[in-house]
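In the two assemblies presented below, chain A is common to both, partnered first by chain B and then by chain C.
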Partner chain A sequence: MNLRFVTRKLLRALITLVLAVTFVFVILRAAGDPVLAMLPDDTSPEIVEQMRQAWGLDLPIWQQYLRYWQGALQGDLGTSIYEGRPAVDLVLERIPQTLLLTVPSFFFMLIVGVPAGIWAALRRNSGVDRVIMSISVSGYSLPNFFLGILLILVFSVQLRLLPSAGSGSAAHLVMPVLTLGTAGAGVIARFVRSSMLEVMNKHYVRAAIARGVPRHIVLTRIALPNAAIPVITIVGFMIGTLIAGSIVTETVFAWPGAGRLLLDAVSSRDLAVVQVGVMLIATSMIVTNFTVDMVYFLVDPRLRYGSGQGEGS
Partner chain B sequence: MIASPAAPARSERKRLSARYLGWAPRGTLVRIAFAWLLLMIVVAVFAQVLAPYDYQAINLRNRLLPPFSSDALGFHLFGTDHLGRDVLSRLMVSIQISLLVALVGTLIGAIVGTSIGFVAARARGVVDDVVMALVDLQASMPFMIIALAVFAVAGTGNMLLFILLVGFQGWERYARITRGMTLSAVNHGYAASVRLLGGGTFRVYVRHILPNILAALVVQMTINFPETILLETAMSFLGVGIQPPNTSLGNLLSYGRDYLLDAWWIAMVPGMTIFFTTLAMSLVGDWVRDELDPTTRTTD
Partner chain C sequence: MSVVTEHPALDLVNVTIDLHSRGRRVNVVDDVRLSIDAGEIVGLVGESGSGKSVTCLAILDLLGHAFHVEGDVRVAGEVGRTWGNKSRRGRAASMIFQDPTASLNPISTIGHQLIDAVGRLRGVDGSEARAIAIDLLTRVGLPEPEIRLRQYPFQQSGGQNQRVMIALALAGNPRLLIADEPTTALDVTMEAQILRLLDGLRTETGMGILLVTHDLGVVAQICDRVAVMYAGRIVEQGSVADILDQPRHPYTRGLIAAMPTMTGARRHGISGAVPVPGARPDGCAFAPRCGNAIDICRSAVPALADSGGGRIVACHNPESQTGAKLDEAFTDHRAEAGLGQPLLELRGVDCAYRVRKPGRLFGRIAEFRAIRNVSLSLARGDSLAIIGESGSGKSTTAKLVMGMEPPSTGEVLFNGTPVPRLGTPAHRDYARSVQLIPQNPQQALDPRMHAGRQIVEPLDIHGIGTRQERIARMHELLAAVGLSADVADRYPHQMSGGQNQRLVIARALALKPKLLVCDEPTSALDVSVQAQIIELLDELRRRLDLALLFISHDLRVVRSLCRRVAVMHDGVVVEEDEAAAIFGAPRHPYTQSLVASIPDMSRARSTSPMATGGPQHLANGLAEGIAGP
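What follows is the complex of A and B.
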């Protein structure tokens, strides 16, 4: 029974992955001849023909598709026209810088958002609750590119405390992480709060209180684990926000990461690099979603024991 | 303390939206938000009439004038930019473009998504599977990445393509909502009755099921609208959205970024405008959600 859940999710992840790779292929081919898009307009027809043969673009479309898969599976996804190096290498060497930015932002979101949400739920309708929820709504209404600029204005231009661009030290990391993590922290705080409030009203929590179970036990052993389940979904969703947000944040703070590489590749139409970037993002999103499903599976006994439903209230 | 007694959930929920921004009573706050949006709409519609100067008029002798300053031509409420152009006039035209893109974009997403949802619900079988696989694919990718991939191929600068693409953002949520609600509505008495009375598929879907799921769709639109504004301004900020000589709030902000040291207002004015507009839209959206859709569990 429970194995079926895992296989179904795995199958779904694989199908989505195949679709994503196909999507990239379709987009890149739908736009017309990639050779013409890359070469200057005055290139002689012989050279164009040579390039097309070299890249297998004279083959029927289904053969191109197969070759494309072959390349994708071997990690050979073309060469950057500007750097003259394999696109995969270019992207991969920028990944550590992006992780250096996104991983702390992710933990910032959780470390700020989860306790704030719990606190607001416990002090519901109080001043604390109002302040936290006000900050939360403002936080996710504030576009990250503007937040970055505000931070630069305050901490770099006015106070001269933090460097406004570049990477290399912990001080360089502060503003980008705030920029990238604030909106997510706001969303998570709001979500945790609502999830907590809902769980607190369930019969099993009220029954525990009625039985005289100490308050901190009710909180940590009964309410929190149950409230955490829906929060897992939103945390998975936040990964996507982080990836999109890192493009903006890296641009604002001149951070040498993969997001800026992707944006530069889009502007200069370096299609091989774009292709690798998009595939990598798609793969990491699909892996994330699958992981979220599996975590769900582990923490939610209802899924493990197969009923798939059954409400506590 | 921990669990409040079985709360009157509906009225409780209605009061929650007020508290997002603290101390103002709920009605006042929503009214302020409405007033701000109304102001934005008026500015958007009459931008060309209201703008005190031509938004493209360059005056290099009056570069980077601070807010509330005057020059030979007149008064500049929000100062001038690096080419001596009036920031207020540029702001008004930018609001026009940004709101237009957001509005058209939201409608495109709603119409396309809803139609796809209807088709999936009607066809079932393979078509339904394919649509749902695409919905999964879309939901697993940040939309901005897909938009970037398309622009990498098609090139930037085509405003029509940009609006169409930005509009597609969120289609999968409309499709999912429509499909799900249609599937359950088809089995309800009213849809079956219309069909028994001889109503065709189109009539059943558009005349009878659509009005019943409209509330959920409108709620989704209030969520989608600020997201579309943010997507457009972010893309324009990154230089892959609206291109000069057209201008959007994102463009203004990205120019302002280069002059933070000497002219903070160039970035602050459009930035605050985006912030207030998305904030107002969130507040109004919460209100609409409470009014229209008491059955949906709001996120608070």
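What follows is the complex of A and C.
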């Protein structure tokens, strides 16, 4: 781990960020005029034109783009057309709510997915394995919104146990977290299972059993750490889907988070807010990937020390 | 300081193992009786599929639930799975494996693994376990044990890791060590060192060793007695000297004849293959492959009969006691090889790689000169072997010849023109003249393509012939490499390792090349199959006037196939001469050490460490067992 490694990572992160923002910038402006979307249909053309000039939307797109970056470099990421407040503030004040949803979902994903995968691997081809794998497949095949609506139907409409919308109490969290975490738990269970099965067939596991290492220690101290290495990548991916999934889930459960804000901003073409939202998502993905790389480094000594041996002649 | 125990280290009494699968019960190991005294090394030999490994796993109770074991497995006198009131594994018996590096946890330090084992098996902790671990590493011959403790398996060589495995096995002071092909994955010099270490340890600790191997040279070097297994049964058992000098079972004879020897005698493979469990023929399982088979062999299973002197054979028609010596007249079939224009020529070739220094992610870039000033030449129909340990530069030389690496200086010429680089248009034409036979046939074949299709593919790529002609050529090639026509519709996983290697050879021959580069083509194969492939390559060389460049670390294989031999060490050719001269009178000290470390039956027979008055009581016990119920 040295400076060059970190600078190179940062440089790449920056390029990713710029590309993501540029892409969204172009797509949004190609998709429709925010001023028309905001004003009533019978607004006079003069007022529309005035609004356009006020927001700089009358300029050619490349000039708008340059102006955007000019502002961005000075710390101004734009102002919401509707709220008239800096877009950054709008997004940031919603972040805690989104974290309140995604962080428990993340742990739900791991706490359910990892043991389920291990259990299925240990009981390979048994009834337990089949049940776990069936649930896992259904879990990640069901679209988020569908699972959410299903849960609302059962627990709110039929059983009247849980609130169907809003936030504020622990009970409000249950269904959104289930909705958001289930797909990840299913995917992780599957990967943990196959990774464990692969590792359990490795020579070093067989050798450890042959020299009398008790089964639970073989499992927890030898098989699991080795099986975790490929799973780390998947966990990184799943964090990405959590962020994307939170947009849908927040909408279904009327959860006042950043995801719903982003969705609203897209439909009303509140350009600055969308831009900031996308930047935030891109940044969190970059941070996730970087963390995954670091975790690899910690877990696998072969990366820390280089492979030691040169190319066999 | 030999430890005296009244019990044999291992006593297998009528051990029968069945596999239950899909409601069927298939016999895998049948009525095995084998005993190993304290301090004794017994070899267990046989081809893959003979039941050696299953027997070993049964001793350590490592077979899955699908296996049903009958009979007694006694380790140091204890029946059942326990030792004291704990598991037998690691305490009474321990095991080392074929691939030491893969047998160590890759993400855990050697110290962590060893101290953990010592702590658990000896009930000590902390600094005491650490002290014992250091002592164990010293005993297995690893210098600087303190440093080893902090290293990971991937930072060590295979030989060093095998020593660590042995230290791990010794952690519980076992009475029995099972060594499953412990040197197969190692270089010859390393092999000799590990065998010496095992030999020393059995005297020092008094533990018995069950050495599973397919290499009779290894057996001759350190075993006292040997048991030959075939299709789940022990077919012959006796002292090493008896078995190797005068094999009585035709299968043992076959195995010995298949061994490449240092005298350069032609090898003879055993035709056919070991029958799979569940499909074993009635009567003697070896009868279909046996030249001595008589009528009774096909109907009745021969019983193990004691023929005196601890010698037990299960055969209706064994070789006579005075059985003919196996050495055949050595005809140098290679003398006819032409010495015309060189087909392949290397002139003062250097090849350097840029490598990253290990230890840091972006460490210094250093230049690693894989080979230096190598000059070699090879004519049509001739054969040249390059031998050396891993790291000697032999594979780099092969890569240069294949055009996979460019020389840094010097020239690699084929038919007088420089070898084009892989990926250039010129290389496409070059590939028609030069083909590679790699080490592992399974990995070289497309797993989802029929055998026939694999052979036709190069013809398709190079647009040779019409569809009918290609199919005809495919059948011609199958026949040429000794594969039957029905193989064409099979996938690689439906074929044996030997058949796959034949398929790879057939595919290589499809383009009518002039040069075959063989990179350890037999090291992944059973010894009986090895001999068949060597015979095939030799026959093809003569018939098709092929030049063979043969890369190997197995000197015996080289001896019987190649006319000339080049010895490489640290990237330099240290000696090059006719094979007979290299093996008969090696001049370079490195060659001498290589030749000296070859486990060779003929040489070891005279210097075998075995005590002639082998464990009599054991043979008698077995004979009684047979005479009994």
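We adopt the following convention: the second predicted complex is superposed on the first by the 233 of 313 C-alpha atoms of A that agree within 3 Å, B and C clash if a C-alpha of one lies under 4 Å from a C-alpha of the other, contacts with A are read in each partner's own complex, and residues count from 1 in each chain.
In the analysis below, a contact is a pair of C-beta atoms (placed from the backbone, for glycine too) under 8 Å apart; a residue touches a chain by one contact, two chains touch by 3 or more.
Just so it is clear, the structure is predicted and the values come from calculations on it, not from any experiment.
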Partner chain in contact with A:V103 - chain B first, chain C second, else both or neither: neither
First, second, both or neither for A:F191, with chain B first and chain C second: first
Chain B versus chain C as contact partner of A:P225, first or second or both or neither: second
Which partner, chain B or chain C, touches more chain A residues: B
Partner chain in contact with A:R206 - chain B first, chain C second, else both or neither: both
Chain B versus chain C as contact partner of A:D300, first or second or both or neither: second
Touched partner set for A:S141, first chain B, second chain C, both or neither: first
Touching both chain C and chain B, counted on chain A across the two superposed complexes: 206, 209
Residue ranges of chain B in contact with chain A within the complex: 1-4, 6-7, 19-23, 133-134, 136-137, 140-146, 148-156, 226, 230, 233-234, 237-240, 250, 253, 256-257, 260-261, 264, 267-268, 271, 274-275, 278-279, 282-283, 298-300
Chain A - residues contacting chain B, complex: 12, 15-16, 19-20, 23-24, 27-28, 30-31, 37, 122, 124-125, 129-131, 133-134, 136-138, 140-146, 149-150, 152-153, 156-157, 164, 190-191, 193-194, 197, 200-201, 205-206, 209, 215, 218-219, 223, 240-241, 243-244, 247-248, 251-252, 262-263, 265-267, 269-271, 274, 277-278, 281-282, 285-286, 289
Residues of chain A touching chain C in the complex: 1-2, 4-5, 202-204, 206-214, 222, 225-226, 229, 299-303, 305-313
Contacting residues of chain C [partner chain A, same complex]: 60, 62, 86-91, 94-95, 97, 99, 102-109, 116-117, 120-121, 152, 154-155, 165, 168-169, 171-172, 353, 355-363, 368, 370-371, 390-396, 571
